[in-house]
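This report refers to the structure that appears directly beneath it.
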Amino acid sequence: MRPNEPVPEWRVRRWVGDGPASLASLRGRVVIVHAFQMLCPGCIYRGIPQAVRLHERLGGDAVVLGLHTVFEHHDAMGDASLEAFLAELRVPFPVGVDAHETPRSHPWTMRRWGLRGTPSTVVIDRAGRLAWERFGSEDDLDVGLRLGQLLGAASEGCDGEVCPA
Amino acid sequence: MRPNEPVPEWRVRRWVGDGPASLASLRGRVVIVHAFQMLCPGCIYRGIPQAVRLHERLGGDAVVLGLHTVFEHHDAMGDASLEAFLAELRVPFPVGVDAHETPRSHPWTMRRWGLRGTPSTVVIDRAGRLAWERFGSEDDLDVGLRLGQLLGAASEGCDGEVCPA
Amino acid sequence: MRPNEPVPEWRVRRWVGDGPASLASLRGRVVIVHAFQMLCPGCIYRGIPQAVRLHERLGGDAVVLGLHTVFEHHDAMGDASLEAFLAELRVPFPVGVDAHETPRSHPWTMRRWGLRGTPSTVVIDRAGRLAWERFGSEDDLDVGLRLGQLLGAASEGCDGEVCPA
Amino acid sequence: MRPNEPVPEWRVRRWVGDGPASLASLRGRVVIVHAFQMLCPGCIYRGIPQAVRLHERLGGDAVVLGLHTVFEHHDAMGDASLEAFLAELRVPFPVGVDAHETPRSHPWTMRRWGLRGTPSTVVIDRAGRLAWERFGSEDDLDVGLRLGQLLGAASEGCDGEVCPA
């Protein structure tokens, strides 16, 4: 994926929580996808807490979603484990389980989006195009400044017909 | 001061570091003024470190300045003390010393701007108008989101003649 | 369990890592048992990192062990999940899996020792007696002072025959 | 100063707060002296907050004291500045001002004790001998373990007559 190009639809096996119908259905809103694995230390200690803080602060023009992209320890991160993990950590946003074509392959959306590992953050603008993609962690001030600028840019990036839903 | 109204010029007795000629001379840039006292715990532990982090991240379209607004312990926070403090803490942005009309009065700019205490942050938009003023601390994510949105709003708030310098 | 009374032997189904033969075999050393569940937030964010820091600092006269005491979300915290969790978080000390008499009962050692939840820390003196038991978290300075005093007390608590192994 | 040798009496110009009559008068108690300068970043951000946490936790058999050892920026850290600083940061233990033989010399106690800079911590056992001296910061767990062991060692280090006051 390249900046400013359309982000392909995800392929999600199921949602924990009330997930959206599709990425396309979120057109007109900024979408922050936090791709993680429940047993990845960078996700547990930095990525997920930051995504939760973002969810608490962002209003209706932006949405935070999780994407569980398991590419290792498949037996350790099945549905029951993920559900318990999300409940115990009180993750308040919906989390989609990235689809696998074969049981131990890299998950579908992760491959299609070219993600390099976890945690990764994919930020999609109001027109459904890639704003940026980041592997690893950024501190709160960097994330806030970057995301604030995207949110402040109003609908500048939209071309009339497609943008505001 | 009210949001969207012009911010009055400061009155500064001297600058530590290379301060700007005036507030007016910064028209066209977002100005973040961190008003502090060198012996205020909220300034030492939260406000100043955050202002330094902002200074490190913001480019030419935004400027971070300190304003030393002493309204208590006047003998403890004189010029020699302030200079040593700024050198030891490696504060990288210019700091203006708010003027006093009489030696122990509330300092001039603090009164004129209606600041309630320290730390206070005053954010001024590209047209020289108050974006917001805050007494106390905010966490990095809140500050980043808020400031990012102002920076992302481009020159939308400017009315042709006055705005970009 | 009461302070200064002998701590009963644990009953552990298996060890991840190189566990000791028994509690009795550790007589003469101070034993710190960190009882946790891999999906308990207080364990993930405070208890386990602190136990790791203790393990890194303590020498041969003290030993840190984990005890996985699962009493909820049994399906989510099976052997494969625990092993992946310990590997990913690089937990450097051996972890025993507390035994269950029936699949969903409270685990055996947890009941026998009267632990109230996770994280719990059980500290056993050189003579095999309970020094203290704590439910929840303590900050590093409290833990250090308390444990340091026990370690500094030399073998005062030992009655000749039984104490140094 | 060497470990286990008697620590020479300090020479203090004045106390802020209710200081002890002398070091000798504290015989029988463990004494933790936190040597600092009010404008030293390592003191402000790590040393002093840790000394305050120690003071809050230690009982009657141990005492925490500050020692203001100014060897630079003498004009910036005079009596008025120090008093305001200690009041604002709510430092709860007495602070002695290390004596100067000439106005800009290294302070007397700092030289006599051979301290290399600030922050330094000097820990004196119940018999008035040096337990250890440390330049710079240590984390809470290290400090707690080390100090706990000294406190736990009872009066082992005392020779009958001189030790308990």
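Every chain is named by a letter (A, B, C and D) in the order it is written, and numbering of its residues begins at 1.
As a convention for this text, contacts are C-beta pairs under 8 Å (C-beta built on N, C-alpha and C of every residue); 3 or more make two chains touch, one makes a residue touch a chain.
All of these numbers come straight from a predicted model, not from anything done at the bench.
J.: Please identify the chain with the largest separation between its CA centroid and the CA centroid of chain B.
T.: Checked the centroid distances; the maximum from chain B is C.
J.: Between chain A and chain D, what distance separates the C-alpha centroids? Give it in angstrom.
T.: Chain centres of chain A and chain D, defined by C-alpha means, are spaced 52 Å apart.
J.: How many angstrom between the C-alpha centroids of chain D and chain B?
T.: Measuring from centre to centre gives 37 Å for this pair.
J.: What are the residue numbers in chain B that touch two or more other chains?
T.: In chain B, no residue touches at least two other chains, as defined above.
J.: For this assembly, give the contact graph shape among line, ring, star, complete and other.
T.: ring
J.: Just spell out which pairs of chains touch, all of them.
T.: Pairs satisfying the touch definition: A-B, A-C, B-D, C-D.
J.: Inside the complex, what are the residues of chain D that reach chain B?
T.: Interface residues on chain D, with respect to chain B: 39-41, 44-45, 73, 75-77, 80-81, 83-85, 88-90.
J.: Which of the residues in chain C come into contact with chain D in the complex?
T.: Within the complex, chain C contacts chain D at residues 50, 53-54, 57-58, 139-154, 156.
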